[in-house]
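Read from first to last, the chains carry the letters A, B, C and D; within each, the first residue is number 1.
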Amino acid sequence: MKRLGFVGVGAMGGRMAPHLLKAGHEVGVVDVVRESVERAVSHGAFEASNPAELASTCDIVLTSLPTGAEVEDVYLGEGGLMEAVGEGGLLVDLSTIEPDQSRKLAAEAAERGAVALDAPVSGGVMGADAASLTIMVGGPKEAFETVQPVLALMGKNVIHVGGYGAGQVAKLCNNLIAGVTMVAAAEAFAMGKASGVDTRVLHEVIRTSSGGSWVMEKDPPCPGLIEGAPSSRDFEAGFTVDLMLKDMSLAVSALMSLGIPCPTGAAANQVYRMASRDGLGDLDFAAVAMLTGAAERP
Amino acid sequence: MKRLGFVGVGAMGGRMAPHLLKAGHEVGVVDVVRESVERAVSHGAFEASNPAELASTCDIVLTSLPTGAEVEDVYLGEGGLMEAVGEGGLLVDLSTIEPDQSRKLAAEAAERGAVALDAPVSGGVMGADAASLTIMVGGPKEAFETVQPVLALMGKNVIHVGGYGAGQVAKLCNNLIAGVTMVAAAEAFAMGKASGVDTRVLHEVIRTSSGGSWVMEKDPPCPGLIEGAPSSRDFEAGFTVDLMLKDMSLAVSALMSLGIPCPTGAAANQVYRMASRDGLGDLDFAAVAMLTGAAERP
Amino acid sequence: MKRLGFVGVGAMGGRMAPHLLKAGHEVGVVDVVRESVERAVSHGAFEASNPAELASTCDIVLTSLPTGAEVEDVYLGEGGLMEAVGEGGLLVDLSTIEPDQSRKLAAEAAERGAVALDAPVSGGVMGADAASLTIMVGGPKEAFETVQPVLALMGKNVIHVGGYGAGQVAKLCNNLIAGVTMVAAAEAFAMGKASGVDTRVLHEVIRTSSGGSWVMEKDPPCPGLIEGAPSSRDFEAGFTVDLMLKDMSLAVSALMSLGIPCPTGAAANQVYRMASRDGLGDLDFAAVAMLTGAAERP
Amino acid sequence: MKRLGFVGVGAMGGRMAPHLLKAGHEVGVVDVVRESVERAVSHGAFEASNPAELASTCDIVLTSLPTGAEVEDVYLGEGGLMEAVGEGGLLVDLSTIEPDQSRKLAAEAAERGAVALDAPVSGGVMGADAASLTIMVGGPKEAFETVQPVLALMGKNVIHVGGYGAGQVAKLCNNLIAGVTMVAAAEAFAMGKASGVDTRVLHEVIRTSSGGSWVMEKDPPCPGLIEGAPSSRDFEAGFTVDLMLKDMSLAVSALMSLGIPCPTGAAANQVYRMASRDGLGDLDFAAVAMLTGAAERP
């Protein structure tokens, strides 16, 4: 049994922390939203006054935050983790942020004799509920091995991708592909529909051919194809348009910094941007189908 | 046993026709390339003087041609199929062409009491060799049922997609998705490589996550990931850049005619165009990885 | 004084034909819309029963039609121009259509000893009213010289661009550039606005720098910059989103057929497509500013 | 007569500083490249040991540096401007960097009672030579008025765009439009060429129509159209592909941060990226014509 800290127990973190409690760990939480803290406490967690308190009293502190700005604040702000973390400290950031920011935090931690791993997750709220997330970890092998049993309580695939930042890179690469594939699917199914082809037959053909993908299996762009998929539940997320927009923007930014061409990433990014401006931001990212005509607007 | 005609016995048709002969059918062939005819004859086929001869003497005539121009010529040109096809005639076009052109040929055939099905195939030369193609058929259900046993000799999935043109639509939809997914993969793996992430680990993460796809399993953009994949064989096709360029162009044209936005299709189409202009047209379509830096140029 | 025919006297043709009447020419008209014919007759034109009648009785027949489909019908349909045009006949198509279609019509005319010039116009309804159109003519030099004085009554710049189809090519090239420039301007002004920069100052800077263009001078994307510009008149066209969509689609199709990459043309084409789907099709093409946030939706 | 500092006297700064000397000002220079300093000294400048020395002894210090990284170093690094600048100090950055970085430097200066204006320039090395640059200034009006006479020695249009960062915004907006327009022109002229239309006639049509622009007048994508233009001088810059790539990347980054869609900016950015990867980075940005076929590769 370990003493663990968890900063950010909202949509994602609030579904992950209970798995740690169920396994018998002691878990201290911090969140700016009162109800999130109370819900965690109702599951058995204790409340800490700030991230620094967790850093000074826990074996491992996990963070799960919406964007790089909140991560910056929790790690480097007043009452933040870096104020109190010391020799041998272990910080694990489950948020998706820029690889360069993860590397910067790792360097700050290293100056204090601590290790700050990047460990972004894939699988959305359903994966968090089911403890079936994929968790992509960047940082030293030994630290990975120490935190692996804890992460394994929340994820089915816990993978050591490489050095600091590599977890973020893998996450962005994956979501770049998923995001582009979804838009391509939305284009193709709009063509099928406008051409009078039965959407179910088209889906059956594509999923067994070279157009097959996770998107086809788990989250196709049209209703009625896969039971329980977001598109069959009025596009209830799943993984929202706004989250995909955030990740694709991080990916395209990283690609631009690296000097790598990304014509499809850049084009798909624009589509999520337009979907978000059109008020579809809270729907599942399959809702880009509403922009091509593959699905009806609500 | 049936008497079958086969027009176009080159890269694809030349690998499909032998399966018909092996099953005991009599097969007459026509091709503008002398060696193609001779190779077919060496497998047991007989040579016909022109498509019209096949139309007047065979139960079913199959065609497998590179572009719509050749199809136009074989169907409507001098000595073409329409000159001789009559009441009850069955024509099956295995080529990938515009859905509207397929519908036009079907209308021409109908005026003569015949049926002209569109039946484009997916699976490339390897699928043709192994008789494991996916064959997507458009046209009346009864005609489909008549030709199904013959097509099943050449393909593993023989699917009745819908009315005339629906086979072409399904093929273009599938290849649009596959073509876009490949470019997205080429962008993502270039990011991974430039960030110092191990390509094998990255591949393992993505294939089991939401970025997973046929492309990841069968034709990833980097060498050494999947044994026997084109990228592991110096990008020997498989399905060439030029063929993908042709299919993506047909898809984008169809989408424009239908008034459907296709930002990722249009962007990916440009990438295949540039790859072709850069002299990569004969390599597998995974070779777009050379434009992003995910793979080295030869 | 000449006897002229004019097929299509709607939004554009209905504003061009009066200039011919004012110059003393006799003008016979045909249009499928009753009111268009009546308005032309009220200006002094006479009504003809069909295009063929004009072709058999007029020195020159001009056509001004919305799309290639109507042009096909007027030239090659029943009662069409080709039925009656003979040796020495002169046909001038002011419509914007595919260069290949213009070349086909020219070939049909040539078989009858006649000449069919392509002569698409630029300048919109305002240019048609003011007889200040740019008219881009493709076809033989001698035929151009014969029709030039007639075209000069309707346009300020009447240019012999080259052989058959060259007029269409020039028109599509021009509108491709104008259409892309407008979208780029809509992106830039949205950035300025979101950054708190005064739009008038920004406009002043750009128009005198390397970002300067016809778009900046005559049709900037934001209201209040140029008096009388569409954006200052609630985006009343001018040249509509739907017409730009049509021309950009023709341009992108032509580029694809020619095997030329067109990343910005393809991207801008998508934007006009989305604007049209969003119900902005009848507004001036500057209304793409509403998609980026450079202008407010009505 | 004033005592001025100038940090960065390379390709741009080295052509601007002599105008200040000619007007009778005393100019101290700093540059990491030895020859740049020596050339400036040969024009009458004196050498300073570091930026801080200039900040403590000059009325105004100007900086002209390649990227944000060098600007960061010169302003905030060891021996940098912020170490020595005090109450009433005036810093003017002629570099093109992110608007947010300019605002950050302005805030740092304000803490010291000084003013740091952003004043990026447009016009390239030719404009710098001829003192005909456009200079876009962001910051307080009074500070602008103080530096205006000095900037007017180097530029023809010295414009107060707005508050801190507004100069950068204007510059990025302008170059975004110019960069996109150039790619569109490269696409259009490739179509004209491939269609057999005379490039000179096409140019004449477009420049006087709605496709007209600075690009058409000063830097068209094909050789032989405008005497003295980069395309007529073997694409000798002018303004290089790599500089346009840098500015377009800054613009697209800013647009992404602001949540504004930029389909054409994103697409054009990819084209400059590919041109740079293809070894065309040092040529004028009109060299994107080599990617579409509008111009021949060297």
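The rule is simple: contacts are C-beta pairs under 8 Å (C-beta built on N, C-alpha and C of every residue); 3 or more make two chains touch, one makes a residue touch a chain.
Just so it is clear, the structure is predicted and the values come from calculations on it, not from any experiment.
Novice: Between A-C and B-C, flag the pair that has more C-beta pairs in contact.
Specialist: Answer to which pair has more contacts is B-C.
Novice: Which chain has its C-alpha centroid at the greatest distance from the C-alpha centroid of chain C?
Specialist: It is A whose centre lies farthest from that of chain C.
Novice: Since chain A and chain D are copies that touch, just let me know if over half of their interface numbering is common to both, same, or not, different.
Specialist: Mostly the same residues.
Novice: Just give me the whole-number Å value for how far the CA centre of chain A lies from that of chain C.
Specialist: Whole-Å distance between the two chain centres: 50.
Novice: Per the centroid of Cα atoms for each chain, what is the distance between chain B and chain C, given in Å?
Specialist: About 39 Å, centre to centre.
Novice: Tell me, which residues of chain D touch at least two other chains?
Specialist: Counting only residues that touch two or more other chains, chain D contributes 259-263, 266-267, 270, 274, 277, 291, 293.
Novice: Using the touch rule from the top, collect the residues of chain D that touch chain B in their complex.
Specialist: 263, 267, 274, 277, 291, 293
Novice: Help me check something: in the complex, which residues belonging to chain D touch chain C?
Specialist: Against chain C, the touching part of chain D is residues 99, 122-123, 134, 136, 157, 159-163, 165-166, 169-170, 172-178, 180-181, 183-185, 187-192, 194-198, 201-202, 204-206, 208-215, 218-219, 239, 251, 254-255, 258-268, 270-271, 291-293.
Novice: Could you please specify the touching residues of chain A with respect to chain D in the complex?
Specialist: Counting only chain A, the residues touching chain D are 249, 252-253, 256, 259-263, 266-267, 269-270, 273-274, 276-277.
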